[in-house]
Structures are given as structure tokens and as C-alpha cells.
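Chain naming follows the written order as A, B, C and D, and within any one chain the residues start at number 1.
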Amino acid sequence: MNTFGQLFRVTTFGESHSGAVGCVIDGCPPRIAIDSKEIETELARRATGQSHITSGRREAEQVEILSGLTDGKTLGTPICILVKNSDARPQDYANLKDVYRPSHADFTYDQKYGIRAASGGGRASARETTARVMAGVIARKILHEWYGTEILAYVSRVKDIAAQIDLKNITLKKIEANIMRCPDEKVAKQMIALVEQMKAAGNSVGGVVSCIARNVPVGLGDPVFDKLEATLARALMSLPATKGFEIGSGFGGTYLTGREHNDPFYQKADGTIGTTTNNSGGIQGGISNGEDITMNIAFKPTSTITESQETVNTKGNKVTLDNLSGRHDPCVLPRAVPIVEAMVALTLVDHALRQRVIK
Amino acid sequence: MNTFGQLFRVTTFGESHSGAVGCVIDGCPPRIAIDSKEIETELARRATGQSHITSGRREAEQVEILSGLTDGKTLGTPICILVKNSDARPQDYANLKDVYRPSHADFTYDQKYGIRAASGGGRASARETTARVMAGVIARKILHEWYGTEILAYVSRVKDIAAQIDLKNITLKKIEANIMRCPDEKVAKQMIALVEQMKAAGNSVGGVVSCIARNVPVGLGDPVFDKLEATLARALMSLPATKGFEIGSGFGGTYLTGREHNDPFYQKADGTIGTTTNNSGGIQGGISNGEDITMNIAFKPTSTITESQETVNTKGNKVTLDNLSGRHDPCVLPRAVPIVEAMVALTLVDHALRQRVIK
Amino acid sequence: MNTFGQLFRVTTFGESHSGAVGCVIDGCPPRIAIDSKEIETELARRATGQSHITSGRREAEQVEILSGLTDGKTLGTPICILVKNSDARPQDYANLKDVYRPSHADFTYDQKYGIRAASGGGRASARETTARVMAGVIARKILHEWYGTEILAYVSRVKDIAAQIDLKNITLKKIEANIMRCPDEKVAKQMIALVEQMKAAGNSVGGVVSCIARNVPVGLGDPVFDKLEATLARALMSLPATKGFEIGSGFGGTYLTGREHNDPFYQKADGTIGTTTNNSGGIQGGISNGEDITMNIAFKPTSTITESQETVNTKGNKVTLDNLSGRHDPCVLPRAVPIVEAMVALTLVDHALRQRVIK
Amino acid sequence: MNTFGQLFRVTTFGESHSGAVGCVIDGCPPRIAIDSKEIETELARRATGQSHITSGRREAEQVEILSGLTDGKTLGTPICILVKNSDARPQDYANLKDVYRPSHADFTYDQKYGIRAASGGGRASARETTARVMAGVIARKILHEWYGTEILAYVSRVKDIAAQIDLKNITLKKIEANIMRCPDEKVAKQMIALVEQMKAAGNSVGGVVSCIARNVPVGLGDPVFDKLEATLARALMSLPATKGFEIGSGFGGTYLTGREHNDPFYQKADGTIGTTTNNSGGIQGGISNGEDITMNIAFKPTSTITESQETVNTKGNKVTLDNLSGRHDPCVLPRAVPIVEAMVALTLVDHALRQRVIK
């Protein structure tokens, strides 16, 4: 299932080494201005080779919009957007085609489909998320135009190095101020040092990306199976390397009593109703309540490590893996930030369209 | 959106105080034996009034199967199953119809739909999950018949009281051995004592339900948006009161390095391939690898507390809530156990059917 | 697939002899007044036993609305509506359980599912359409309230007896003026005489039901695969016994040249744009243009005839069928009229909701 | 809605003058050999400029397969296939951008979306069907490999010139033997003469394309809303210019009595069960019965004519249309043939995959 969304339907395509990766967006509202440049700008945040702590594969991200626009505006028809895969190096993978790399998808793809991409990670590669980011740019734009919605993700923890974040003060500028995309400048430096150390050792680390969505209108979410947190969870857990999802107080909230956890309602100065605390993370009964939506997503340490590892090949024979391609990320978190934002945007815009039906 | 599943499609209906709650299952394979008694047996695990630490509302769970069977076997046509709502007490809620209870869905339903159920929690009530459990019985049966799949959920933590669990030794019998549904008998007693204390204080607690699925065939999961962990996350985060989801190593896994976290492959005695560790939680690249699938789900402390609370009414005026109906659970966890199992079963059976298409 | 509609989703359930037939409507807008009485009134138009030219099976149509309403208004949550099956006579079918009746679904259901309903036609029975009519009442009501839409079906031909109809003058009253539901009173009498003659001979006839939808707003239809005529065609061809569908000029239009067939645009007195002719049948490019939508649906002669017929049993042995249950319709057309209207209403309301997303 | 199919999901994109037209196929089974050459060969049957009786626009059909394959075999991942639009001549349409051409989609697209493609017919152009033909090649290949299914469409009537066809004897070779794609060679010549005459007069004609599908396995179709004839009807009525659909006996069958129309079952020499006649058109109860599936589709006379016509512009003012672009088809039927086949193949392969779930 490579389509996301009920009304803003994004179908992605492309393997790590296929001709292109891209998406078709069906159900995008008409008369939205879209520019390939703004998509390229966002892709640069996701691109490899952006800093010394990310993968070295250089991705040529020239965006082609092949349909769905007239004079730079959406027609309400399907929008096909793609980027060509220009730096594929299949030969790097030749010696891996019969090997099941630990904690990769080689084995499971083989078992499920009876075939797998001859090189690269195929659809399991993070390369696939390029398409999500492209679609996310449009989703975000719509949300921003309609509601002033702002979606900000950032690295909040790398292994055991956690940032101290004041949610009120986070800005895109602070997030982009360092290559870790952690708005706590001091902690970011420690995180970077850890990643450098891991890279040198041929090892890898994971951590947590957090996300806040501000100015989300009240009423988004579609109980019972498409409660807002349920669709956000699916969206984010569909990203490679994710192991956990939290909304609002998350697992930490389970250490509180009901009295401590409940968010009392009050009337705001403008007459609308809000809550004095936000353990709910902006969602109650599966529907947004107008407060900030807050989430955490756990990303495991990258599976690709260059240190020697034992595993088996497709015949079940033992194999030792050495010197796996150096073109990998010792820590996926900085590049995961724009991808998380994209998935949140895609989820929210789909719910925004669904809510139009009811109003 | 009240339908779950692409091929095994369960549509649930019913409010807490409507005539009935139930479901229609469309896409159930033909020739499966179904008995209303086995559904009633499972419903009893979810029912209120089952112990002194759960809600006192007595639910009459007489199951009616209205379609889809001939001589006790499924026809491959839609199966409608329902239970009547016989113990609704709308008058208990008369004084609440203009009040927004903290951390309930009253406010958001009102805002989204412009109307809400005059009494009870409507669709936001846990009553709705009855329908999921009914459908889950059939899903489980199919999985068990086809693959010997076993799905076991249990309470692993209540507030800060955590059980010590050896995954290998968990059995249904051990889980059902105490009213907390925690297979660590000693810790279960402490948990129960805590809940009794909370109940007496008019307060509530939350915690974690864990789940293990054994004998899941290799190959389930539908990348990229319906990766197995993504659909499980959606399934479980669609349950009332959930705040977080973990697969395999979860958030804890982010404290490891790649070397520590990777699960090496090896050849088992029977010639098949497995992994020596299971940080992946039985899923790699969004597809089951044949190892046990392990999950944790965070449930917040119950929103309904009887202690006095401040909030506002529909006009935004301050209101003090006292003595909310005593028919609530001071801790939802024991009753959440069968519901978690049901959602896992519904997710797995849907993927099992999808996988038939490929084979 | 027993669900119809993308946003106004109707899932039907029930076999001819199961406990009940009904539907769950998910996605119905909130705050619509619904009354079980109005549904029962419409069901009476579809009911058997309504005249001497329809099937004698008496259907007790007491409507139960089990969910989705509060104080008689929709909540925006799933609405379950059903009627019990009270007059099932399984014994009438005992001798047919191993026989493949000609042009019935006995053989194909057996082949597809490996099982079939022990009595009656199961899901292939026209009994299933009861659920569609119930859902259709709500769809029609919404369309009428929002746009003043009026949907009228009628019998336009029985075998070779064709009515002369002036589309401008058709009213519900004229249609209901005779038991044939043909607004051409004189021709209706001939049709009735033919059906009586067929019934006496143990034979059956088919014909054409036509339908006109007035005051359909401009803009309904969802190219390219859900063009309005495509979804109408699917809706109507999903009815039992249908063999053909026409929109606007239909097959007859293929005898014209482009010059003759094109519908010129003009400006109406109120400033809006219309067409001077309506060969398009109210749809252009798959989207409604504001003119009347006109359709014809071919219904084959009823498969159940009481005259002796040759066929085979499940083992492939020759069997002679005599005296099939007398409770069948020698001509389904009069009872098909409300069913056709229901399917048109369900199609239009779904498109109306989809169009809200774009506006 | 630009996606077709539940399991073999084809999403098409592209306007008549956009950068490309193409499709993404999600759900294609793995390990199917695909070659861009075979797709190009089939596209040539649909291409403009193929004979003197079709549109002169020359379409460069160089097929690019951008994803979903490894070593020429499908991976089970999304397949993106496209052709660039190289011969768009937007200037031809400059004078039409404010005009509503009679029986075109200009008016309805403007009304629905509030915007429309600045040139060409946008998504309403037959150019869009290129994508369907590309996907259809793969669908057909699968059906042929699995069941030996053969799908043959042909022109059976142009205006009032009808071919005499013996269904048993139709072959692809006979259909392709003349530029009309009518296997009745003598009548084909008369049809061609009529089209030449219409072209000379600046007028156009329509007619009927018929289709037969042989070796369709028993059991395809998904009652009740996705009965095989219902999905075929939707598939075919989603094509531009269609006005009617018939399955089996169609409207003609309504002139028969039940006794005449019923198809008696018999046991074939090989022990399987068949019917002695085929008024059912290979489908009973919405499910294929193993007999040939037969259909007729009505195509209206082409809306684009070069003769002078009256209409209005976007302001509602009267306009006379003269000398519309000569690059149109005076009769769409010959080029509709491969498109009809493609839609039938896409429908059947989707049902074939669905049936795998049940078996």
C-alpha cells in the first residue's frame, strides 16, 4: 500500500536505484500556487551530503512537476512530481545481493515478494521518503494558507543526550541553526560529538525526534479508527527506522494520576475555550482541540554499520559483513526532521479536507 | 471513519447509550465456524463489573449474529454482530450535557460535529470497543487455524509499579490468574492495592499494556504506508485513552548503538532463518520476520475522576464538577487487555489476507 | 465488497433468510433529522405483496435505528438501520439446495465461496436491496434539503410495450397512480395485462426503468474514474437482474451525428448557463452541468419461472425443475423503481459531499 | 478520483498538454516480466495519426518505466510508467480558453474546480487514456499467463451501419485487418466510407464497441456493490464519450421472456458445468460463470466538429465557433478499441487478485 490519505491521496513510487522517485498527489485542492523551487529548497533539508554527519551519497534533487498545474496553479487533478536518481551506484551493492544484512529489510522483502531490488534498499531505503517530503511541501502550504498552521520537528534526544526544550520558543531558525537540528545549541554540540565518535567507530546511534504543530484548527480527526493520534501514529511509524510514537504526555503521562493528568478547560481572552495544561497533546477523543499538537518519535540506531558483523546469506550460510558501503548515516535524526514534518503535514491536510465535508 | 482493514473490513457502530453496539465484518473468508458463545466468552473479559477494580456498569452481553452465516459457518458475506445496550442510564448524565469534562471528548465532538450524544460518551465511550472485541474473536480464530498464531496482552506497568516479565513464559492462564491481568502475580497485588487506593480517593491511574504475538507468519505487512508496525500503531492508538506505542525495543532501543541493536540472522535447526535477538520486535522493513511481535501501549489515567474538578460549560462559564458518576474505571488497564488483543488480531488477519494476494 | 460510497459510506448486510437485513451508514453529515416512519413508508414501495403482480412473500418492514442518532438527529457517527426477516420459509428451498437454478447465482456463489446460503438466494436475493432503500431515504433527504433535488424513477417499457413519456410532466403522484409505476396510464394497463398473462403462464418479463434527477447542482462527479456516469453505472448495474445502463442519449444517441448530438450552451434568464438540448443527460466530462440527469436501466426477465425447466444439480446431473416457489415476481420492474431511486440518491449524495471538499 | 482498482490499483496522471501522462500501478504481483517495447506496441494501436480517419496529432509514445522493476521483472512495488507529451500545441487552443465548446467538459471543469487547463482538454482529453492502455498491457499479461484469458474488442456499429459478427470466429488478426477495427471486412469498408464523408463535412459519428473476454475463470466478481458487471460498467463508462453499457443480452434481452432468456446449465465433456446459451454474458449474481463475457459500449459522436456551431463564452455571451482544430477524430471508435480492452483487463485482474484472497 503506497498511497497515504483518504482525500489528499499521495501515492509514492521509486526504489533507491530506480529511474526516479516521486509521487502522485490526487485530491489536492485546485488553485494552490506551487513552485518546483520551494520543493527543491525543502528537499535540501532531507538530502544526503548536507553535512559531515550524514550519508555521503549526493542526491541530485532537480524537481520535475509533470502534471496537475496550469500557470503554476493546481488544477484539482493529479500532480506528478519526481526527481531522477542520478547517483545510484549499483556496483556498491553487488556483493550484498545474496546477503541478509542484520536489521535490514533484505530477508523480509525476499520472503514476502520472492524477489527484491538487485541493489540498494529498494523501497525500504530512506530514499523513498524523498517523495513524502515533496508532497509534504504542498500539504504544509495549504495548511499555512488556510489556518496559519506551523509544523516544527527537531532532534530532542540522541542516544542518552537529551535537549532541554521550551516548546514556546522553538522556531525554524533555531532548529536550522545547527546540523543536528536540535534547538538546544549547547546540547546539539554534544550530540554532534557523539555522532562523530560513532562514525569514526563504524557504529551508529538513534534517538528521538519531537514535533509540535501550532495553529491546528479545532475539529480535525475522524473517530473511531482515524482518530487524529491514530493516523499520526501510522504516518510516523511508516517511516523507516521508527520504533515508537507518543502523543502529548506519552509514556511519561502514565506516571501521573488522573487528577494530575487531566487538562482543565478555561475561557480564553478571545472568548474561545482552551485548556490550561496540555497533557492531551492537542487531541481529545481523537479530535484536535486547538492546542498545540505535540509528538515524539523514536528512531533506532541506523542498521548499516561498518564494523564487522555476523549474519547469513540467502542459503542460510554464515557470512561476515565487513566494510559496508560508507555512504550511510551514522545517525538518521537530522535528516529525519523534515520527513517527520512532511508526514505530519500530510496527515493534517487530509483531516482538514475531511472536516470540510462536515462543516 | 468507522471501518478498519482493507480486506477484512470491520465497521463498528453504536454509542454508549444507543440501541446497540456492534459491527459488520465484510471480507471474512468463507467456511469459518463461528459461535455466538465464544464471542460472549471473550466479551466477558472486556465487560464492566467483572471485578471490584472496574466500572460498576453492568453490561448485558448477549451476542446476536444477524447475517453472514449458514449452519454456523461464514458465507463470505457481511457478518453483522451486535449486543443491545440494556443498562444505559441517561439520567446519570443529564447534568453533564452542557459541561465540558476535562480530558474527555465533550468539547471536541461538539466543535467537530455541532452536536453530541445527549448522554454517555457517545462514540468516544469505551463502550464502542465492545464491537472491536467481537470482531477480534473471529480474526483470532482465523489466525489460529491458519498459522497457530497466539496473541497475548497483559498489564506490564500501573503508574510506577512495573512487572518483571519473561516473555517466553507468558500464558493466557497466567494473565487471567488475577483481576489485574498481570502475569507477575506478586506485582499484580501491588498494582491492585494502588488501584483500590486511587478508587477510594476518587482519583485514577494509567500504565502500560504489553502484547506479544507468537507464530506470526513471515511476510505480513504492506510497505510503505501500511508497514506492519504502522498499521499496528494506528490500530492501537485508535483505542480510547492511548498516549503511546512501541514496537520491539521502542524508545528504550534508542539508548543502544547500532551494533548493540542489530539483530543478527542465523539458521535455525529446522533450516529456516531467524534472528538471535529481537530488538526489531518481529518486524523488519515493515514486514514480519517470523519472530515474536512485541508491543507496548501507554494508557493515560482515566479522565473520569470523582474528586472535585474545575472546568467550563458550553458557554465558557466556570463550572465545578463533583461526584461524577461512580460507574467508571479507576484504571482501564485490565479491561484494555482483551481490546488490545482484538486490535492486534484485526490488524494481523487483514495483512494475512493481503499476503494471500501475493503468494 | 458490500460498502458503497467514498464519503457517504453505506455497508449493507443480510441474506434473504438471515436474522435481519440492514445497513450501516458511515459519513452521514450531522444534524439531519431522521424518522423510522419515513423509512418504513419508502420500504412499502419496495415491499413484496404490494399488488397482485408482485411476489407474495410478505415482508414485515419494521425499521429499527440502532445507532447514530440523538433526539432524532444524526450525530455524524455510524447509523445502523435494520429490519428483521420474519417471513423466511427455508423449507420452501429445501429441495433446491443441490440444484443450480438457471440464470440464478447458485452456481457462481458455490464456485466462488465454496459454500452458499442453505435457503433463499442469500446475498443474491433482491431482499438485500431493502438495505439500499433504507439508506437511500436519508441520502434523498439530504439532497432535497440542500439543493431541492428530486429523483424520480418509473417503468418506461415492459418487454415490447413502451410508454410515451414527457419528461417535463413526470411527478411522483403520476408514477404512483398505478401498480406498474408507469406514468403513462394507458400503457400501464397494457403492461399490467401482459404481466398477468405471464404470471398465469408461469413465465416472466423484463423491461426498462428510467430515471430523472432534477435540480442536481453543477459540479458533481469526480474524474477520471469516478465520473458521475461511471459511478451511476456501477450503482445501478450492482442491482440484481440489470443488463444495461444508459446516460442521456444512450445507445440511441449513437445514431446521430456530432452536429445533431452536441448540446449548445446558452445563457438562461437568470444569468446562469444551460444547454438548449440535453443529449448529454446532464453530465459533461463526467461532471453534472445542472441539467436534468436522465438514465435508463435494463432489467432482464425474472429468472424464477414456474414453468418446467431443465438444468443440473451440484454433481452435474440433469434435473428438471418444476413448480418453483410461487413467491416470486413475474416482473421486477414496479418494485425496482424505488431501488433505482435509492441508488441514484446514494451516488449523488456521495458526490455532493466530495464536492464540498473542493469548494 | 484518479485511482482504479482495489488491489491492482492504477493511478493515472497527466493532462493533454502537461509534461507527461502516465500511471503508477500499486499492487502488481511480483515476478512478472515487463518490457517497455510491448507497451509501446500496444500504445501504437491507441495513437493518433495511425490512419487517415483518426486525429492528426502525432503522439510520440516513448515509454519510460521509472520504478518497480529489477532485471525486467516486477518487484511488487509501485510501477511508474509514463510517456512525455511532445507534440502539444497550446497555441491552437489560445482562442478557446474563454469559450465553452458544446458537449465538451470546459464548462463543467470550470464550475467544479474554479480553474481549468489553459489548453487542450486537460484531464477530459482522450490523451488521458494513454495511461490506461499502458497499465492494461500489464493486466492483460497477468491474466493471459494465469488463465489464458483473451480480451478482444472491436467496432460493431458505426452510426446505423452494423457488422454481422460471429463471436466464435473473432480473432485479433481479423480485428486489426482494417483501420476501422471491425472484423466484418465488408461492413468495415462502408463504415470507413461514412467516416470519410463525415470528416469531409466537418461532422462526426459515434457507434458501438463490443468486447468479448474468453477464458475468464469462474468466481470473479465481488457482490454486492462490486459485482463483475457493475465494476465493468464503471470502468467503461469512465471512458470519454461513452453513453451506454450492456452486459450479455443487454437492452435487447428485455424483449425476451424469462423462459427464453434463462441459460440452462449442462455438464460439459470435461465434467465442468456450463450453460447452453449465454444471455447472462458470462456473469450470474455478479460473479463470472466461466462462459465468455460479452459487452457493448456506446460512444457518442465526437463533440469536436469543424462545422460552425453556436455557443457561449465564460461570460455567457453568444459565440460562434468556426474551424476548430482539425486535429480531432471524426469517429473515436477505432482508437477506442484498445482502450476498452485495457479497462476490461484492469477490471478482471483486480477481481482475479481479490479472488485469491478467498481461495
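Criterion: a contact is a pair of C-beta atoms (placed from the backbone, for glycine too) under 8 Å apart; a residue touches a chain by one contact, two chains touch by 3 or more.
Predicted model, so just to flag it, every value in this text is computed and none were measured.
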Among all chains, whose Cα centre is located farthest from the one for subunit A? C
Contact-pair count is greater, between C-D and B-D, for C-D
Taking each chain's centre as the mean of its CA atoms, how far is subunit B from subunit C in angstrom? 39
So what's the Cα centroid distance for subunit B and subunit D, whole Å? 46
CA centroids of subunit C and subunit D: separation to the nearest Å works out as 26
Please output the residue numbers of subunit D that touch at least 2 other chains, ranges allowed. 1-3, 12, 30, 76-77, 112-113, 123, 223, 358
Name, in rising order, each residue of subunit D that touches subunit A in their complex. 1-3, 9, 11-15, 18-22, 24, 26, 30-31, 64-71, 73-80, 82, 112-118, 122-123
Interface residues, subunit C side, partner subunit D - complex: 1-4, 6, 12, 100, 102-105, 107-109, 111-113, 123-124, 128, 157, 159-160, 198, 203-208, 218-219, 221-227, 229-238, 240, 242-251, 253-267, 271-273, 275, 279-281, 283-289, 296, 298-305, 307, 309-312, 316-318, 355, 358
Over in the complex, which subunit D residues touch subunit B? Could you list them? 7, 27, 29-30, 76-77, 223, 353-354, 356-359
